[in-house]
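As structure tokens, here come the structures.
You will see two complexes here that share subunit A, one where it goes with subunit B and one where it goes with subunit C.
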Partner chain A sequence: MIRLTVKTYSYWFLLPAFLIYFVFYLLPTVLSLFFSMTRWTLTDWDFIGFDNYRTFFSETSLNIGFRNTLIYAVVTCVFKVVLGLFLGAYLSSRVPFKNYLRSVVFFPTLLSTIAVGIAFSMMMHPSQGIINTSLAAIGITGPDWLGNTKIALLSVAFVDVWKGVGIATVIYIAGISAISPEYYEALKIDGGSARNAFWNITVPLSRPAMNSVIILSFIGGLRSFDLIWAMTKGGPGFTTDLIASIIYKQYQAGFYGLATAGNVILFIGVSLLAFPLYKYLARSEVHL
Partner chain B sequence: MKKTKRYTAFAAALLLVLAMLAGCGGGTGNGGGGNGASGTDGSAPSNAPKKETISIMVGSTGTLLDAMKAVAAEAEKKLNISVEWDIKPDGAEGDNLVKTRLATGDMADILAYNTGSLFQALNPSQNFVDLTNEPYMADILDSFKQTVTSDGKVYGVPTGSTRAGGIMYNKKVYKELGLTIPKTWAEFMANNAKIKAAGKTAVIATYKDTWTSQLFVLADYYNIQAQDPDFAKNYTANKAKYATTPAALRGFQKLEEVYKGGYMNKDFLATTYDNGLKMLAEGTGVQYPMLTSALDEIYQNFPDKINDIGIFPEPSDSPDINGLTVWMPNGLYINKNGKKVDAAKKWVEYFVSPEGQAALSGKLKADGPFVIKNVKLPDDAYAAVKEMQPYFDQGKTAPALEFVSPVKGPNLENITVAVGSGITPAAKGASDYDKDVEKQAQQLNLPGW
Partner chain C sequence: MSASTSTSVSGAMSASESGRFSAGAKRWAVGAVSLLLSTVIFWIPFYFVLINSVKNKTDAADMSMAWPSSFHIVDNYVSVLQASDYMLLEAFRNSLLLTILSIGLLIAVSSLAGFVLQRREGGRGSSFLNFLVLAGLMIPPAIVPTIWVLDLLKLFKTLAGITLIEAALHFPFAAILYKAFSATLPREIDESALIDGCGGVRLFYSIVFPLLKPVTSTIIVLESINVFNDFVNPLYFFPGAGNATVQLTLYNFMSQFTTSWNLLFADIVLISLPMLILFIFFNKRIVSGMTAGAVKG
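Let's look at the complex of A and B:
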């Protein structure tokens, strides 16, 4: 018998990579599972079973945190997917100053999130911020963007979209430019309009790009922390707390075991939402 | 043939791993060492004490660092010990840094850090040198010592003056409007109404910096203690709660009443501490529940306005109960596991000596009376500080709760923002805080929780 494939390299060569993976990924993961069940002061620890999980779930702000995290993830994800698609399609077509416009859209992604957060929280100041002073100039009294408990979370989500839509657009541009021009030519011969081209060719055929955007921005939204911390610190009160900011507050208070338990919960929560979503999206891609 | 190939692969993999480990080892080798050479060890015995360098970890906000540098300059002349400064951030970030550095054995020789509940969280007996039997301890007031005592041993010396928490007010505006200092909460609310009617902000609220929202609750502790002397003890033992002790609940209710009266500045959620100080100094805002450490900052930015600022205690419901809640100064602690414990001990001894304190208070304007005997307030002390002195003289002071109980929930500032801006009712806020406290006590593994 002739073997068709020859094993060129020995599996032993995986060892260094595996060791790195073990030391920097597997080991911390297992350890964090362990430390989430301890009362931990960095130097010593007591094993206390599931008490940390119990405490974390009885956290007053946790209900708000779960709801906010979901709202935040869904809102930012939807806007990035939709806006990114239109921007991507627009910037792939023949428009003047295309490259300039592309860089304008991409520019916010290059900025530090903290800097963006601080800048926007100044612009959103209820009476002195540039947003409300401009609104006042045309006779509209703007709300307190970050102080009003009903809209504070959405204000932060808006900034997140402003900052993140550039990445989505780039992914869409890549996806759209991979569509064979023959489809568009065929459509033209059949007398289709630009609108037909967008809805019947661009949208369905950029589906793989859309799925990447959905997954990336949804998981990013679930784990989001830096922007909310820079803009509201979870306040006023607890109204804009996300799971990640609740965890950070525990850590800040020196409750390391409790914060670790929160992270394990976040990890499990993100997995429970993200894996089925990914499966679903992957399946719908095949059906194309 | 096949076998040799496998061995070669294994050997190659092993080599890679070894190279990797060697790389890591080289990296960590330098990290742990710390402050390097402990003086040139030529050690020919000479008369002058050997030049030594110790490190001090201290926060950078306020005037303490500058004042300590002044002491260090004097100490270097006298003791031949120079100081290397190890600057840490303040607030919760600094707390974490301190805990991490202690845990990794990388702490400076001397640490300047909070007293009271935050100090208790550092595991003092394991980390710091016991100073109980040092001769200078006799000169330090017991009210301070209890805040740096753990298991009956004293670990720290004070870095400065006390501060009070109360209602800071603009005396000029008070005079203009013909107001008098309120002795009861009802009088305070009446003053607020008059100030509001005059078109000024009655109570300054700066909830953009969330920590400033806690004062109505924290500065009310004198009133709680006056009505319920065992509150701190019972509270630490999980037998008294904010929500179920009427005297304690009042703090949250007062916060709510001020919000409901509409006495706060517009945009209070977007207003910062610095804005608040400016409003107080300029008299657009008339009263500010705050710690007197704010006096330093007002003095830095508005030196000509500093004597317009006064302070009165947070009023209680009875005119007979009227006293100040006092915050103790930070402490200096000597790292037990440091390399230069003896030099650090000498330095600390100099720091609390009359000479050291003279150098210190030359730079540090007092925010309240001192806690070392024979260190008196200078004549040029701030007007507000002089206004505090009578309460101290008459014994009408109480240390803030965080200095007499290790229990303090980390989320108080968020809860007080919620109550103070009408999101949460006072009673709910108090019970939220009780839950927060329970979590902290469990994490500290206090008995009875």
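Let's look at the complex of A and C:
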């Protein structure tokens, strides 16, 4: 039977998939380790060792991306995890207009990031945008959301949350629906309140869903590029530049080796942060 | 145990009968508030884009939500379609072709791979292959080396090249979904097919693949959204004037129409339509697919 299994589920069947995956993803990833140490014109290269990395770490315009990327990933991740949890729990209970509300929260996920970015940059216009004109109507002077160096990054992160919270909510809804109703019944008998039910049953038992949301949104945040590019292009100055937008700028300027070094730094960063987080979350899940 | 719990729960519920009316009223109050909030947070941006896409240039420049002084539905949408020599139509063709081709290729290769990875689980080499697939979910692609490889294969700036890229980059997610679903198909099916004289290839295509249909349709819907809305990969791997996809067109119009917000908004509406239509038809499928993919359990 073993021989039969080997023949029936031959590894040759993996060939088409892995050939495409190898040539267009794995191979370039491995090559990037070499090309990140070159001065590169696509047709010709000089090996220069770690010079690209040194440049990356010593120039403020390049390494500002580390801090920004981390802030952006943490902020978007925390908001999606927390808002998604409350929305998911709320939309899992007996609520009027439940199906309608679920669809509405999920809706922005369908839109292209570029379209969302353009629409929100208009709504965030400092004097004419509807956010600030609405605030002015109730007597508040709104800030220049995308022009103020202190808050521009957070403004873009807010739009990211607006667009992405629907996915988090749907994942939580699935996780919560998998919780056995017996726990809630037992709590009711013991006289627990709705608040108890949420904190002592829903939150701990939706941990697998929460872990998926954490990992997905954290990695998504670290790799984020299109929204920042549509809304600020890294400005004002370099204050909203993320590693991914710096890579694009270096690529546009023809510094291919430097862009590739940025890529290697990004994927080492993602691996160093995401793999241990993944391991830690998997270990700390509640086992029943 | 569970039977006794449920009887005592219904007992407890009738005891709190008196508190029911106020609880119901409270629920409706919260419902009304959430309806209001969802309208402000999620519908106003849509209304804003839609209403400004039918205004004239000066009205749209106000960036307000005011009702248009005159409607320019046909003018605006026709000028967007005609802009830069009907570039948007070309872009729609490219985007639709790219979406159909890359999803077709993705399903063809990843269904077979996911099935075999599941059946060979625990075998020699399989944990390494699984690691390679998982890594692809986390590690961002190396961009310039990918361009170099594409160029070497004479595929840079071609529809075939970007199709292969999209298939390669979405392979890990699709393979993991297929793998998880294959685990629910009993091996007895495989065995009886083998006894009836099926080879591995026929087993897969005539028996297993039809059974994988729920995942296949989930992947079609989810990945269509991802590929059609993709901006980054076409930006890097499919540049050039004749190669625009709808997302790139929108991005290029952003500089071209800086003084004509109405046209920019009309473009946003046009390129959002295909996915909204998909959503109306496959709403349930999208949500079940999201959950199947995300909660691996």
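By definition in this document, the second predicted complex is superposed on the first by the 262 of 288 C-alpha atoms of A that agree within 3 Å, B and C clash if a C-alpha of one lies under 4 Å from a C-alpha of the other, contacts with A are read in each partner's own complex, and residues count from 1 in each chain.
Here is the rule we use: a residue touches a chain if its C-beta (ideal position, glycine included) is under 8 Å from a C-beta of that chain, and two chains touch if they have at least 3 such contacts.
Only a predicted model underlies this, so the values are computations on that prediction, with no experimental measurement involved.
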{"item": "Subunit B versus subunit C as contact partner of A:P16, first or second or both or neither", "value": "both"}
{"item": "First, second, both or neither for A:S58, with subunit B first and subunit C second", "value": "first"}
{"item": "Which of subunit B and subunit C A:F158 touches, first, second, both or neither", "value": "neither"}
{"item": "Subunit B versus subunit C as contact partner of A:H125, first or second or both or neither", "value": "both"}
{"item": "Most subunit A residues touched (candidates subunit B, subunit C)", "value": "C"}
{"item": "Touching partner for A:F238 - first (subunit B), second (subunit C), both, neither", "value": "first"}
{"item": "Partner chain in contact with A:V95 - subunit B first, subunit C second, else both or neither", "value": "second"}
{"item": "Touched partner set for A:D144, first subunit B, second subunit C, both or neither", "value": "first"}
{"item": "First, second, both or neither for A:D46, with subunit B first and subunit C second", "value": "first"}
{"item": "First (subunit B), second (subunit C), both or neither touched by A:G254", "value": "first"}
{"item": "Residues on subunit A lying within both footprints (that of subunit B and that of subunit C)", "value": "9-10, 13, 16, 20, 42, 125, 251"}
{"item": "List of subunit A residues in touch with subunit B within their complex", "value": "9-10, 12-13, 15-16, 19-20, 39, 41-43, 46, 51, 55, 58-61, 125-127, 144, 146-147, 149, 233-239, 249-255, 257-258"}
{"item": "Residue ranges of subunit A in contact with subunit C within the complex", "value": "4-5, 7-11, 13-14, 16-18, 20-21, 23-29, 31-32, 35, 40, 42, 90, 94-97, 101-115, 118-120, 122-123, 125, 128-130, 133, 162, 167, 170-171, 173-175, 178, 182, 185-186, 188-189, 208-209, 212-213, 216, 219, 223, 225-226, 229-230, 244, 247-248, 251, 256, 259-260, 263-264, 266-267, 270-271, 274-275"}
{"item": "For the subunit B and subunit A complex, residues of the former touching the latter", "value": "5-6, 9-10, 12-14, 16-17, 20, 92-93, 95-96, 99-100, 102-103, 121, 123, 126, 207, 210, 266-267, 269-270, 410-411, 414-415, 417-418, 421, 423-424, 432, 435-436, 439-440, 442-443, 445"}
{"item": "Contact set on subunit C toward subunit A in their complex", "value": "2, 5-6, 8-9, 12, 27-28, 30-32, 34-35, 38, 41-45, 48-49, 62-65, 105, 108-110, 112-113, 115-117, 119-120, 125, 129, 132, 136-151, 153, 164-165, 167-169, 171-172, 175, 190, 194, 199-201, 203-204, 225, 228-229, 231-232, 235-236, 246-247, 250-251, 254, 261, 264-265, 268, 271-272, 275-276, 278-279, 283, 286-287, 290-291, 294-297"}
